[in-house]
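Two complexes come next, and they have one chain in common, chain A, joined by chain B in the first and chain C in the second.
And then the complex of A and B:
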């Protein structure tokens, strides 16, 4: 494997509890979403990648180095932890500067980088306030500032949008995309699936310490061929449309969830999406809306964990 | 994990650790503990005690209270918190996930705890003598002042190393530290034969008795030279600093699991 992060049967135990249970996945370049419910093993993976925890079995490499290692390569990694614990007695700018100095930057360089990172996350106005008075959203931003301040090649962001207000979320999502465009690699964990869906198609799904699936979201959806795919349509004549498509071989069920609405379950959605436009043109059928609730991450994850 | 040690990084960690020792009510409690001897001597001065009585009281309080109780307690509270609080509050991740090495973190935390302890303990040792001076006592001999500073420094260096180690290896570090200070250190001193040599207090008191030839400090307890006493304290320091750094390189720094 030659990914940014390579895990092979990575296992971490907390006494009787398995934090990671033979987790195998490769995280490639760009943005990868690490998706899983609370307790799935996301934070354990991040703590292993940042050498706070040690593997009990398997292999875990980051940027070509064993994760349980220290030294210069760690400067290529930025880490935004999930927890909100900070050195509360410090001021915002002092916090970022101190961590840069721990990383070996000179006083002047650390101050310059800290100011720049704090500006990037939109905290310049609060940089002189003590961290103990920071809100959760501000704490999340200052954690991000210290993670990006040393210009790392790889960013490990554990639930980075927790506690951030909607406007802030949009800003941070844009920031992540900009970082990826400038050549950084990001691993972003979340249990709020639509956020990751807005950020990337590349995902690793984790549950109970195991990687359930990885790769392109839509390809993962294709893996779930045992489950029919739901397509919802809005049309003035749902019963007429239903009569026409009922004979299609891949259609396994049709529902009428409400007035003017039709819900179709198809074993092969690609075939459905090919056949539907032909029917619409040929029969001059009006369809006012079409959506596929199964295409979002929430549905994929629900199927995989059922 | 590598053996690299970069002094500027160590000093940055030391500064963070030093600053963190002065947070909250703990600072006031340590300050009050360190001021007890000075307050007792001040009370004697205000009560009109003679200059020599005040001076003797200052020196006696140093040996009986500061060395035997205050130094150990202050260093225990400061040093144990360095690793234990950081691990339990999950703030150690901010350091341990960066490129600073584990050895540098351990050394920085050690220096930070020594520095923070000395802020309380140097005044605790010297202030009673200065206050005795207000009662008309002659300035203490240089040997007394130097002995006090040396004892405070040696005790801080050795205790900080041991308590830092305790804070790293056990969640019950504070309790174990108290047991060490008030059972082991005191009881072993009372045992016959060579048993007292297993106590750090033995060497600290011996150092005081060997360095000063008049007043409460005088009268050699052991016949061991002050240089050997100092070496004993420094060996304890070096052993536990090295052990802490070695262990820390292999210790997981995340707190007890709350969720995966």
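And then the complex of A and C:
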């Protein structure tokens, strides 16, 4: 065991549907982004980690303990679920206090911690309102309050920025970074990739219940560099340019997506980017635009899931 | 990814006991179920049953002497079982189904408790309200009579114990019915209709089929008839009952146990909720 979370061929079935399909990954300290589309298995993984589900196969350890295990170590985990439904009959402060009581805190300590957590997420002004009148953004924040109120070492945040307005997002992102700086470990799931990109380089990519890749973003980029990479060019003579680059060994496909446009797929984008300027200078070719749709995390994910 | 051993920010924190953590769920649930409708039905139950016991005891004393059978009046007309049914429906229908529909059950189950703590707290909360309605009025009526010196001590003690036993039996069955159906659906309305509908339709169907066919054993399917039969025997009324009191008691116990088992098995599979 070397990580905060260690998964080895973790498998979870829902009848004939595989929620996790031999998921293997190690989540290190600090913030890790868990990235995958809806239905990829992110929530299943979180629910396995919080002992709401039982593993059907493989191994899943969290904080050095089997995830499906009893014991006080569970209070070292804070969990912010994806869903927005809460105990709507309760007021904000009651909600956090009640869950802290289940965590095992005395009444006085629970009240103190609830007030502090609510202040941290900026909901002090709304703590006496019933949850049923909370907006989605407020619900997200009160969920976060109950997740951090017991000062856990590991925070599992399932789509924590969903429904939060832009200002709130910035605030929460800062909060996550502060929590990480203070020694907490965070696993933040999202299908909105730029959010994770702003938060951390450490990512685990999941799709169809399997870990596609893990590590820092640069290493994952190295990984995908072995696969065809798309570069789009705009030029007055796309067919002429295509004739010249078609013989390059690393070019595997050429397409014409529209007038004056050329799409090239290269196995080694670095080689392409080195060779292209030489060709442009040598042949005096006019290129008005060059872009790679693969420059963001979304594209990385698309590559890996293809 | 560079991997290093985790450095935890916080040391071990003192936990209150598991029982107290389960108690926290129980107390929250107890408060949540305490709607004005529940209070109203409970108040009506106390007023009606205590009044019936006290007035009947006084009349019995004047006419033929107060005996244990005098207390059967509380069950002689099936108002009490239906008031208990109302409370069971009001407090039980949403007890688990609300948590399932909102998926807020995950907020409990992700914490350091066991499923049995959660289920136990839910059962205890519903059972408390049902018990308050099913046990309390009888005990209060007897206590008032004894306190006012209107009933001999021996009769009072016997009546107290019978009310307690019947109340526990009734509480066990209706709590099982409420929890069982609430765990089966994520819609409190369906659970409520089921709790009330099953009991009421069993009563109607039992009476109709029994009347039409002359086969009284069909009355076992009616919980209200089962309770009345058990009460009639326990209070030693001496009147013949259509069904066997021990059989009726067994039906209530077995049915309640099966319903609890259904709830438990369903909640053990709660992991599929929301997926």
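Here, the second predicted complex is superposed on the first by the 236 of 306 C-alpha atoms of A that agree within 3 Å, B and C clash if a C-alpha of one lies under 4 Å from a C-alpha of the other, contacts with A are read in each partner's own complex, and residues count from 1 in each chain.
Definition applied: a residue touches a chain if its C-beta (ideal position, glycine included) is under 8 Å from a C-beta of that chain, and two chains touch if they have at least 3 such contacts.
All of these numbers come straight from a predicted model, not from anything done at the bench.
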Simultaneous placement of chain C and chain B on chain A, clash or fit: clash
Which superposed partner A:19 touches (first chain B, second chain C, both, neither): both
Contacts of A:40 with chain B and chain C, given as first, second, both or neither: first
Which superposed partner A:101 touches (first chain B, second chain C, both, neither): both
First, second, both or neither for A:281, with chain B first and chain C second: neither
First, second, both or neither for A:54, with chain B first and chain C second: both
Contacts of A:85 with chain B and chain C, given as first, second, both or neither: both
Between chain B and chain C, more extensive residue contact with chain A: C
Touched partner set for A:75, first chain B, second chain C, both or neither: both
Residues on chain A lying within both footprints (that of chain B and that of chain C): 14, 19, 43-44, 47, 50-54, 70-72, 74-75, 77, 79, 81, 83, 85-89, 98-99, 101-104, 146
Touch list for chain A against partner chain C, complex: 2-4, 14-15, 19, 26, 28-29, 43-44, 47, 50-54, 63-64, 70-72, 74-77, 79, 81, 83, 85-89, 98-99, 101-106, 146, 150-153, 182-185, 202, 214-216, 219
Chain A to chain B touching residues, read off their complex: 14, 17, 19-20, 38-44, 47, 50-54, 68-75, 77, 79, 81, 83, 85-90, 98-99, 101-104, 146, 209
Contact set on chain C toward chain A in their complex: 1-10, 12-16, 20-21, 24-25, 28, 32, 101-104, 106-114, 270-272, 274-275
List of chain B residues in touch with chain A within their complex: 1-2, 4, 6, 8-9, 12-13, 15-16, 19-20, 23, 89-102, 250, 252-254, 256-257, 259-260
